[in-house]
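Letters A, B, C, D, E and F name the chains as they come in the text, with residue numbers starting at 1 for each one.
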Amino acid sequence: MPMIRVEMFAGRTPEMKRALAQELTDAFTRVTGVSADSVSLVFTDVDKGDWAQAGRLYSDPASD
Amino acid sequence: MPMIRVEMFAGRTPEMKRALAQELTDAFTRVTGVSADSVSLVFTDVDKGDWAQAGRLYSDPASD
Amino acid sequence: MPMIRVEMFAGRTPEMKRALAQELTDAFTRVTGVSADSVSLVFTDVDKGDWAQAGRLYSDPASD
Amino acid sequence: MPMIRVEMFAGRTPEMKRALAQELTDAFTRVTGVSADSVSLVFTDVDKGDWAQAGRLYSDPASD
Amino acid sequence: MPMIRVEMFAGRTPEMKRALAQELTDAFTRVTGVSADSVSLVFTDVDKGDWAQAGRLYSDPASD
Amino acid sequence: MPMIRVEMFAGRTPEMKRALAQELTDAFTRVTGVSADSVSLVFTDVDKGDWAQAGRLYSDPASD
């Protein structure tokens, strides 16, 4: 029943998500000994216009 | 102020979401005695290509 | 693989959580036809000092 | 590393999100003294058909 | 019904959370015009041993 | 700015969390090419009395 969530910028290909699901689950089971069958993983795509750092949206050009 | 969240595969109809919102809120208020007015509920649709179990995306056919 | 989350004030008894887990899962499966086996549910207790409405913590007395 | 999340109805303009990111980050750093550089913020748009209060979707007209 | 969430290191005082709840809600309503009454806010304290950047827990001393 | 979250049963040691933070971040950067510096990771411990599958809390013995 462990649940892994990954929030990242939108635009990753299905191939990359497939590899991430496999590799992250592998890493989790290798470290914890939990069965892979019980591991869920959800990706959440976030647009650059919905993500900010230091109060600036990633969709906005840096001012310097 | 209780908050219920439901993550499920995308594709449910508005009718099903309407019924879920009603039934889940009813169940919550019946068990806890909290007023329905204070119960919020949010649905999050997840694509099969964004959800994995055992390291395999639900959008991928099972290998066996 | 549907996931239900419930955020509510801390202090509910195990008996109430047990009943909520059962009743919310029942409601979900009744409406959607999804097998109960696939339904996960997580409770998150929130202290009144960590929850605010209208900018006021629930741990603070109302000013009127 | 503080993370602020804002769930709100879909439809806000980029300008409003830009102003929110700036103002919320400013408020956070003003109160806590944390450097703005370390503050992340994510917006999640929620459709009215995915948000319910008192068991009623916001996309549905009030019955009274 | 907007919902603001703040994840930050554990250890902030009630006074600081009270001020944050007020200031963040004020900022949100000022920018959006939404009534403060509808704005919920939840704080989640995260221990330094539960938060990592670049693969290193904040509870661990930097290696350089 | 990618954010990885791991919800799992409470009780993992700091050593295991340290290894998980390192291995999950490594897997993410290996697959995506994103710099490790930008990857945040948060662990959330969940008690068995707060997690249910098929409507049954993990803290409750199976009935069969």
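As a convention for this text, contacts are C-beta pairs under 8 Å (C-beta built on N, C-alpha and C of every residue); 3 or more make two chains touch, one makes a residue touch a chain.
This is a predicted model, so every value here is computed, not measured.
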item	value
Pair exhibiting more inter-chain C-beta contacts, D-F or A-D	A-D
Listed chain pair B-C, D-F or A-B that repeats interface C-E [over half of contact pairs the same by residue number]	A-B
Rounded Å distance between chain B and chain E, as computed from the means of their C-alpha atoms	25
Separation of chain B from chain F, taking each centre as the mean of its C-alpha atoms, in whole Å	21
Chain F, residues touching no fewer than two other chains	1, 3, 7, 24, 26, 40, 51, 53
Complete list of chain pairs which touch one another	A-B, A-C, A-D, A-F, B-C, B-D, B-E, C-E, C-F, D-E, D-F, E-F
In the complex, chain C residues that touch chain B	1-9, 12, 16, 19-20, 23-24, 26-28, 30-32, 34, 51, 53, 58
Complex contact set, residues of chain C against chain F	14, 17-18, 21-22, 24-26, 36-45
Of chain F, residues touching chain D in the complex	1, 3, 40
Residue ranges of chain B in contact with chain A within the complex	7, 46, 49-57, 59-60
